[in-house]
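Several structures are given next for inspection.
Two complexes follow with chain A in common, the first pairing it with chain B and the second with chain C.
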Partner chain A sequence: MATTDIGLWGVPLAILGGAIRVSTPFIFVSLGETITERSGRINLGLEGILVFGAMTAYAVAVMTASPWLGLLAAAGAGACFGLFHGWICKFPRVNDIAIGIALMLFGTGLAFFFGKSFIQPLAPHLPALPFGFWSDVPQVRAALDVNVLFLIGAFLAAALWWAFRNTRIGLIIRVVGDSADAARAMGVNPDRVRLLATAAGSALAAIGGGYLSLYYPGSWNESISSGQGLMAVALVIFSRWNPLGCFAAAILFGGAGALGPALQSVGVSHGYYLFYAAPYVLTLAIMIATSSPGRTLAGAPGELSITK
Partner chain B sequence: MTQRLLFNRRQFLQTTSATAALGVLGAGSAVAATATIGFIYVGPKDDYGYNQAHAEGAAALKGMAGITVVEEEKVPETVDVLKTMESMINLEGAGLLFPTSFGYFDPFMLQAATKYPKVQFRHCGGLWTDKNPKNAGSYFGYIGTCQYLNGIVAGHMTKSKKLGFVAAKPIPQVLLNINSFLLGARAVDPSITCQVIFTGEWSLAVKEAEATNALLDQGADVVTCHVDSPKVVVQTAAGRGAYVCGYHANQSPLAPQKYLTGAEWNWANVYQMYAKTFLAGETLPNFTRGGLAEGFVKMSPLGPAVTEPARKQFEATLAEMKKGNYAIIKGPLKDNKGAEVVAGGKAYIETAIELESMNYLVEGVIGATS
Partner chain C sequence: MSEAASETTFETVGGRRNAGSRAWIARRAEGVVIPLGALLVGMAAFSIFLLAIGKSPIELFDLMWRGGFSSWFSIQNTLSRTAPLLLAGLCVALPARLGLAVIGGEGAIVLGGVATAAVGEALAGSGVPGPIGIVAMALGGMAAGGLWIGAVGALRHYRAVNETISSLLMAYIAIALMNHLVEGPLRDPASLNKPSTQPIEAIYRIGAIPGTDVHWGLAVGVVACILCWVLIEKTSWGFAARVAGGNMRAAQIQGLPVGPLIVGFCAIAGACAGLGGTLEVAAVHGNANASLAAGYGYTGILVAFLARQNPLAIIPVAILLGGIDASGGLIQRRMHLPDATVLVLQGMIFISILFSDTVYGRWKIFNPELWTEKG
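Let's look at the complex of A and B:
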């Protein structure tokens, strides 16, 4: 392996590479949650769905030797979880947050149960596109090996942002999210819209899980998720239910997460526990900076049980 | 696990009455013809790491006549392990237990040992002292020598003269492994340095992958680690074309071309010793330690990339170590802040108690313990 000494340039490079590598699951889960929350439901079960998606994607990829089939299966499994959540929440006096927590534990447990025999085998990985081809520096090439899911996520963020504003489906989701009564007056069934929105959101979260097990770090074990599913739910609020904001927040979070290891690698090794807290400190700081006591959360769907 | 829970109540009644009867009848019988031995793991037993190493040891007992092995995985280091131990004793009749994770020892295993004085408990890595119950004990292997051998091979194979080490937490065992790895490499070429990155947790897949990438970005071309499951580090490093040295278990199936060698536990040997002693009805030792010479640890077979000079020095040093009393940490030795930590002429062999309180990184290691 040819190497080039890049010294301190390693830090910004690692942040860039980390932003691309680490952010993808955050992008998918937070976009999924945006769809669900825009329709007026909160699905806290995404962590469990993410873990189950990771397991399903890995298992199917091992069995069929195709990572794409694995992702498809993960999306299907995620959608089933979402339908389940949406169906239960349809009944009166059911709390969507409580169901979400139940689903989180259920999804994780089920994934561990079925995933037992897939810890050892090796699955084929998802492909990456070498955007660093112009550079002779191997580190740059490695950082710019962009996986396809990241690109799909970026495209999806833009598409969702556009769709929420300019399409009929986007309008229906927003109406259902802001006022169920208005939606009913329009002849729209809020429960059905929410059911489908939760299913779509869960499918995206499961794809985020598939990224974890099929690309980066690229193996299935029971500690594969370090809470990405939960953090992504917070990112949605952080980005004010805006898909483009979700994308930016995920990138920021991924890059900040890469700071700790990168600083240690250039010799800034004191206080690494503090650097590992960087993403959370950053989130807090931006939350404080952008909040104001004078107004409520801008952009929050009116039907969300936290804002009602 | 679910099965045991399903049959809980009835089995419990049967077994308790049976043990009560045994207690009356069997007071005089000394030799057990059969034995049930329980193993408790903190993670999945096929993790290519710490738990797999123990599970392979347990698997070696399954063929022995008269031995029944019961196992439970993913038992947290909480009161859960106490429950698991109690159910293994009461429901499965286990007479000898191996709770293998570090956090099981104090207070959980010590409590269980006080409560069940007829059951034997042996813990991996704990520091058993005379004040602890006599039916408890601990065992461990000196794996630092194996990391030194990893270092020798890495020292021959590196072109950039930079090695990488992904470590979990800066505790003495981990620090000894890091220092041994670098000293092994410096036995080949004194200009070699080793960059260490601490992830702060025993198992954090994404952070381990990030750490590996950061090491490679800084030019490291041979990487090893001390985390619970080296799978992610091995795959990430090999995927970017770097060589890897393994830890805990043999990870060569994950990267057949890039895997050089690895520091492995050899628990099969240790557990067979315990099982034989236990079956014979003899007293089990309370405090067991061993290294390469005693067969407590071993090296993975050398990979296809290892060059001839590397193989020669590896084999010569291994043979020397197998004679016992090999000292890796010997003076004069400075830490990476320039202070002298071992005076000239002083040498600590692997059994030295001073090594179990190591709190420094030696000169040539880039990183800090806090």
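Let's look at the complex of A and C:
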């Protein structure tokens, strides 16, 4: 295929394609954290769980030659971490934020420990759907190669948004998150709901990690995550615990993350390290803009320690 | 060492004097016995992990002893790694006394190191005497770290931005900033493979304590721990901070200057971490480069939690974790384990120590109020 020069048009196109590619882990982690936080717990350990998920998915995909089995294993491993977090936080005086910090370090350490021997071998990638088939321009085709997980994530966001409003499970999670006493009065055990919500959230975060190692960037190494798990937690607050908001915010963050590589691809090399900081600066700026000392955040679950 | 630990973990929270000396000991012993027990539980969990993957825990702990503590050589190695851990631990412990979980000390270390290198470059060929130059570099590092974590505290108080997330985000930003400066404006053209700043001139380097290979940073770190302990336990500022940490609303109603306290303590904490960066540049590496982000900031979180946020207890804990760190290489070579082994052990100890929070006040032996009258 002939290479076509599309000049500076390449930048927005690369950002669009990058936004779709980079946003997928954000979507999964933030949806997972939304489930957990809606139940009244915060799990800061998603960063470590994401890295462990990336390692598990890659290792299992190498051993079984199936990326889907890899994702399944990652979800299982993530759920185990979540169950552990949920179990340990039910004890009195155990702080969920501190346990999250510990899991962040522990999950990362464990992933590096087991992942050492999987840095070399190549794993099969997750498939992508070529939505750019109508175009002859290779950049357009590259930008519109959409991974299946992105579509699943979009569907999941809508499904969760619907489920929180219209299903019994959604209602129970919201009640537990807003008032544990009210939940007990309804005959619901808050600790059990939070345990399951944390497990589900962690499983989703681990799938987000699996996307990193099995599709984009598509390899396993010790710097696979650059804080996506942590940024996703901030993103949940920004999107006010709304799954559809999470999806939109994830796309925005993906675009910010794609800025550095996009500029580099058209030859802007000066100061590109600063562009790599763009997602972090954006996260921080959004947190500053949307927080306020005077009032509690709209839509915040009442039992959440981070907003108290 | 255990004696030092038991002495230093004592808290001076007001206790009633009427109970006898046994009650006094019992109350204070709780804060020593439970962390030590949690440490042992973490190590036991790690032993089970090792057995599960077919390695010998006895061999590992033996190597850890030999690599970290058994000889003068290994002790010096341990103590060299202790200095940054002391300062990184303080960066977590000081805000924690106000109830803040600031975990981005890594960013302050990195920027402190870069600021030190920048001051060092300005000093090159200036003829400023060595000690003054070193003080200038240290002030540069402390200012950079203090501004960075002070900003986290300000965001927390004046904008209600969660300090855990913001400090970690700012650590990522700090590392990106360092990469930018080290690869661009501050780069030494002679550093080809590993972009670095200009090497600091020999007269501005921090040397070893006479008779040892351990640089003066260890003494600086110990002094910083003692000063922070005095600040928290013996001054009215420290008292106000502890009140605010116990109940922020009550402190505000009492009219304590909560905002300046938070920003001030965070800035001091950041200055400590920034000083750690100064030591890494001026005493260890000789210039600033990507090695600055070596993870001391993250180990510092564990140091502070193990020490129960008490600056004096940080000293023995940092020596212990420095020793574990120092033996990592030996364990890696002898037992063919990955370098992340130490991270796994640290993670298990961390979880165990947090879990132990739930057992405080549960045991009668530590709780003189529950003792029956014995005459």
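Quick note on the criterion: the second predicted complex is superposed on the first by the 275 of 308 C-alpha atoms of A that agree within 3 Å, B and C clash if a C-alpha of one lies under 4 Å from a C-alpha of the other, contacts with A are read in each partner's own complex, and residues count from 1 in each chain.
Simple rule for what comes next: contacts are C-beta pairs under 8 Å (C-beta built on N, C-alpha and C of every residue); 3 or more make two chains touch, one makes a residue touch a chain.
Keep in mind that this is a model prediction, so the values were computed, not measured.
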(message) One more residue to check, A:Tyr273. First (chain B), second (chain C), both or neither?
(response) both
(request) For A:Arg184, select first, second, both or neither according to whether it touches chain B, chain C, the two together, or no partner. (result) neither
(message) So in the superposed three-chain picture, is A:Leu122 touching just chain B, just chain C, both, or none of them (first/second/both/neither)?
(response) first
(request) Could you say whether A:Ala258 touches chain B, chain C, both of them, or neither, answering first, second, both or neither? (result) first
(request) Considering only touches as defined above, state whether A:Leu230 meets chain B (first), chain C (second), both or neither. (result) second
(message) Looking at A:Arg192 after the superposition, I want to know if it touches chain B, chain C, both of them or none. Which is it: first, second, both, neither?
(response) neither
(request) Please indicate which partner A:Arg165 is in contact with in the superposed arrangement: first for chain B, second for chain C, both, or neither. (result) neither
(request) Considering only the touch criterion stated at the top, classify A:Leu110 as touching first (chain B), second (chain C), both, or neither. (result) second
(message) Give me the intersection of chain A's contacts with chain B and its contacts with chain C, in residue numbers.
(response) 112, 116, 226, 270-271, 273, 276
(message) List the residues on chain A that touch chain B in their complex, please.
(response) 1, 3-6, 10, 13-14, 17-18, 21-22, 112, 116, 119-120, 122, 139, 142-143, 212, 216-219, 221-224, 226, 257-258, 260-262, 264-267, 269-273, 276
(request) Can you check the complex and tell me which residues of chain B touch chain A? (result) 43-44, 46-48, 74, 159-160, 195-200, 203-211, 213-219, 221, 229, 231-232, 235-236, 239-242, 253-254, 366-368, 370
(request) Enumerate the contact residues on chain C facing chain A in the complex. (result) 101, 103, 155, 157-162, 164-166, 168-170, 172-173, 176-177, 179-180, 183-184, 298, 301-302, 305, 337-344, 346-348, 350-351, 354-355, 357-358, 360
(message) For the complex, give me every residue of chain A touching chain C.
(response) 44, 88, 91-95, 97-99, 101-103, 105-113, 116, 226-227, 230-231, 233-234, 237, 270-271, 273-274, 276-277, 280-281, 283-284, 287-288, 291-293, 306
